[in-house]
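Every chain is named by a letter (A, B, C and D) in the order it is written, and numbering of its residues begins at 1.
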Amino acid sequence: MIIVLKEATAKQTMQTLKNHFEGTTDVFTHNNRIALNKVKPEQLTDEEKAGAEEIIMNHPAAVQGSREFHPEDTVIKLRHTTIGGDTGLTMMSGPCSVESEEHVKAMASVAKEGGATVLRGGAFKPRTSPYTFQGLGVDGLKYLREAADEQGMDMITEVMDEEHLDVVLEYTDVLQIGARNMQNFSLLKAVGKVDKPVLLKRGMSASIDDLLNAAEYIAAGGNHQIILSERGIRSFDSKYTRNLFDVSAMPVLKKLTHYPLIADPSHAEGHWDLVTPMALSAVAAGADGIVVEIHDNPEKALSDGPQALKPDTYLEMTRKAFALADTLQELNMGKEAVING
Amino acid sequence: MIIVLKEATAKQTMQTLKNHFEGTTDVFTHNNRIALNKVKPEQLTDEEKAGAEEIIMNHPAAVQGSREFHPEDTVIKLRHTTIGGDTGLTMMSGPCSVESEEHVKAMASVAKEGGATVLRGGAFKPRTSPYTFQGLGVDGLKYLREAADEQGMDMITEVMDEEHLDVVLEYTDVLQIGARNMQNFSLLKAVGKVDKPVLLKRGMSASIDDLLNAAEYIAAGGNHQIILSERGIRSFDSKYTRNLFDVSAMPVLKKLTHYPLIADPSHAEGHWDLVTPMALSAVAAGADGIVVEIHDNPEKALSDGPQALKPDTYLEMTRKAFALADTLQELNMGKEAVING
Amino acid sequence: MIIVLKEATAKQTMQTLKNHFEGTTDVFTHNNRIALNKVKPEQLTDEEKAGAEEIIMNHPAAVQGSREFHPEDTVIKLRHTTIGGDTGLTMMSGPCSVESEEHVKAMASVAKEGGATVLRGGAFKPRTSPYTFQGLGVDGLKYLREAADEQGMDMITEVMDEEHLDVVLEYTDVLQIGARNMQNFSLLKAVGKVDKPVLLKRGMSASIDDLLNAAEYIAAGGNHQIILSERGIRSFDSKYTRNLFDVSAMPVLKKLTHYPLIADPSHAEGHWDLVTPMALSAVAAGADGIVVEIHDNPEKALSDGPQALKPDTYLEMTRKAFALADTLQELNMGKEAVING
Amino acid sequence: MIIVLKEATAKQTMQTLKNHFEGTTDVFTHNNRIALNKVKPEQLTDEEKAGAEEIIMNHPAAVQGSREFHPEDTVIKLRHTTIGGDTGLTMMSGPCSVESEEHVKAMASVAKEGGATVLRGGAFKPRTSPYTFQGLGVDGLKYLREAADEQGMDMITEVMDEEHLDVVLEYTDVLQIGARNMQNFSLLKAVGKVDKPVLLKRGMSASIDDLLNAAEYIAAGGNHQIILSERGIRSFDSKYTRNLFDVSAMPVLKKLTHYPLIADPSHAEGHWDLVTPMALSAVAAGADGIVVEIHDNPEKALSDGPQALKPDTYLEMTRKAFALADTLQELNMGKEAVING
């Protein structure tokens, strides 16, 4: 149950409801809204009912992530970057893996030139086979931090387990949970307790509800700085694309949740020449940002070379993506995007 | 084998090759290119080899549809409409089913107002259950033709079987083959013999190669006026979307084939409020056109009401789609879209 | 609405209901059951209500195929073969394509030796590419008929379009509708009017309900001799199997419908060494029969060689399959298979 | 590269190869076979080549799990149970979650009566939503251990993270890694270092190769007591089954790997009345064992009630499954299962 409280008495009714239900069920509050898990209308007192402007019964299980509970967009604020809300397009770029200090610094410079405010790069890498490059570990974190600082950028990198959470937190601005760990509930609970934003990638066969419930594990721990990312799902045809990029997850998620959405066309497509059109497509569908992989020598990349953009292609892509985002903003100005109803 | 002929001797070598191979294998020609199915280099005479600028061996089975055989975009020309190439965005709109003379005429007026040049509408409807509305049949064709003519538009409608091919051809400008018939090879062969464009919808679990091979059945019959359409594929999550819109089929197909691409966000999504963002997304990904369903009273529609745009929403969508297409054209002007290589 | 009529007054109430509703809605009858499409309880007269033992409202759209309307198993009777009900295992075998008179006769002899009572073989072949072997056509039908007659077997072959329906009917005992035509509604309507059994293959991305609705098109035309066949669906991993064999479609369909079920492990798997275990698996899951492809020289087969069983492997497979079916029959004797409720 | 060593000189060549390559690449040995990751034939000395009976180059990335490296079946030996090889059918049964001491003991007694030798039950539960029952934790482990000991059974339970690995190991005989953690590589590395068998469940969209590579993470750590489990994958139709049970994973995996295979029809189907036919189907397809959930009062189960078998249904299922396994063993006696080649 979500109760929207009458403004005049919101503060007082909120307190009454907390006193009544805390300890017996999950109670979450946001502005003048309160969510009470598994509570039925008949459990409310007359006073509590009188303080309700509206009672919403059929909300999603992932209540804290829902628009019913939290109608306004969540905006993530970093030192150099804002993500979500009216920010416009946020660009996150960098190499797939941190390969060396020099390399990541060179890529950071390219990323920045293309308008990126967040530098991405993997130090701990989830690889399908145990016998492939597993990342530079803590050294990778250091190089990525230095590269980001040099360019005045924020940094995002993946954390794969609780064991390395502290060391990753020491360096990064945003934690990334990879697609393969989307339902690693122990890890989700762990990052739910930290005070840094978490970018949660959609699992390869995760439904929209699965993704929202996974995010709810983080919110349930008290961390509401959540970013969702679509990076391609499993489908029946992988001859020309690595995964199937579910672009329509953008408007679907925008409707259901207040968290910002970052599209990842690099992992979704797996081929560099599809990255630009699909980045534009994600922007047109409503993504708040794009995360894209760059490499100056993709053939020699230690991971995921085929999907990396070379610097020139990257700069061309970001030029178009920002221009497209501007056009879309103008088109929406002063108009509701959607008016069928 | 595809042979690109030296320009100077193209005409003569072409004739020599035809004389040599016609009757023993499939021979197709396009400008200075000739395709010889299952022929090996050692079967060529020295003279034939001398006339070859380039010999391409590993072309797709669907050779006539391939860029290797036909590098330039196919452009479809109708009385009021051009589709593909440098045309810019082509809009095809109308009701899902033709419901009555009055209704289709009213919808045609809305379609035209939104910039559509092709009027769509179903007279013979492929419905999942035999006990639901199956279309108005020939009456539907008549009403649709009159509505199109009244607005100075071209017309597209589905043909479901050879039996009705003649009567549909009597009325329509473009034949549509529905997703469920994408591999109805007998029907594909039949429309391969007519002299009108065919819009072929991708089957719900058709791979990209399946789609191109299905189109090749039409081309093999001699009809090269082919348009391909992505309308959503089967996936594991149908809670919020009817199908999964494979937007990246746009750049993938652009790379592989010369046929124009029409995206169908209405059937892909199945919910009207997702149609606008996904139409924009398809335009950004490189679609040559959009086909979209409109209805003034979706609740009362005889088929697919939930995905129909009301007139106001439709006009708002087309305003944005055309503006976006303009922006993209400007962005690409004087620049190759893709430069990684 | 399905009404189960009280036995004592069934005949009379049936007539009353027919008089009342025929002409205004679809009316179907089976024994003492009558189905009235889209009729609501309040439309029944008191006398009609009095004659009802039970009124079933939430039946599937494909009502004639449902257990609610037709609780007993449908049994298909051919000259040499019975399919469904208490028949035990029916074996359908033969080459993928009819390749020559001699070859199909040799394969028929092997099929018979393995216990098959139905000879399969394609004369009109639905091939992905227009440039591959499309079948021997009418000659293929003749050879198949002769081979079947020589062995005292019944015959099944695919019909791809209405145009060839008459000639196929001239030769075959059972019509096959292929997976790619499962939703070719015009063809389904056509075979709905003939007086021979139809084996309907599940489309590659057809849901269980799609399959039942497709079968309903046949039943709606008056042909109730329907057999359903699972032959593998599209999935995300086609490295080791051509399709994904949905074995659990057997018990699911047994619960929902009365039509017999034939499993096709050859097309589902695409590799001969998986055919035997998966044939056994389908028998254990409740299939009424197996259709399996055989070839004495798979490397030279004109279609689908990799999935064909050589004679020895085939005989070994059928030996096991029949033995397994016997064991299962003994195990179920005198016991309900399922007792949780 | 895998080298099969000549028997006469195996010991000596093995040592030579180890001296040559250990420290520079991954070296694995099994009987007279040695695997050298990423080594090319030209790196071998003449002496090394002379000691080779056969050199296998195109082996899978997951080399230790492959039949090329380890042709014989792995057999897992527990105190009361054997799994794999010629064991015959192993039955693992118990409640989804451990709900109370009494309940798990009652269920253990039923499990044992049905022929199960391994008791299953969840103490730490991976649940889609954070607001549902998360398991009894350490108390659950204790109750499960006591119940298993009381019945003279072995015990299997899930470990969700490294943090709880020690406490789970204190109680259990077999560790289970759940489908959602199949690519939690940190957890896989952790269980790769323990000396207890690990049952690894296939992820919901894991390809066969993904599963084998995940298992290889465990083997790479030195733990070769690995059991693989198919429990249903994501597909497009979830109206009648929770997941799609990939029964053909049994023969596919039997061909590729030596690890024992346990089928989980309960999670695959999600509906109790499909569990028996699909358990039989998995046995017929070659599963080494079945894991199945039981509950005396499914409506009140704290998790996954709809898929639980009541005691009577369970006993009926196991009676059939063991009888079927016996029949299959007789049918295969003295015969190779597969003889096409």
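Please note the rule applied: contacts are C-beta pairs under 8 Å (C-beta built on N, C-alpha and C of every residue); 3 or more make two chains touch, one makes a residue touch a chain.
All of these numbers come straight from a predicted model, not from anything done at the bench.
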Chains contacting each of subunit B and subunit C, listed by label: A, D
Comparison of B-D and A-D (more C-beta pairs in contact): A-D
Averaged-CA centre spacing for the pair subunit D and subunit B, given as whole angstrom: 48
Whole-Å separation of chain centres (CA-atom averages), subunit A against subunit D: 34
For subunit B, residues that touch 2 or more chains besides their own: 205, 209, 233-236
Contacting residues of subunit A [partner subunit D, same complex]: 26, 37-38, 61-62, 126-131, 160-163, 180-181, 183-187, 189, 203-205, 209-210, 213, 216-217, 220, 233-234
Complex contacts: residues of subunit C adjacent to subunit A: 205, 234-236, 238
In the complex with subunit D, residue positions of subunit C that touch it: 205, 207-209, 233, 235-237, 239-241, 244-248, 250-252, 255-256, 268-269, 272-274, 276-278, 280-286, 298, 309-310, 312-313, 316, 319-320, 323-324, 327-328, 331, 335, 337-340
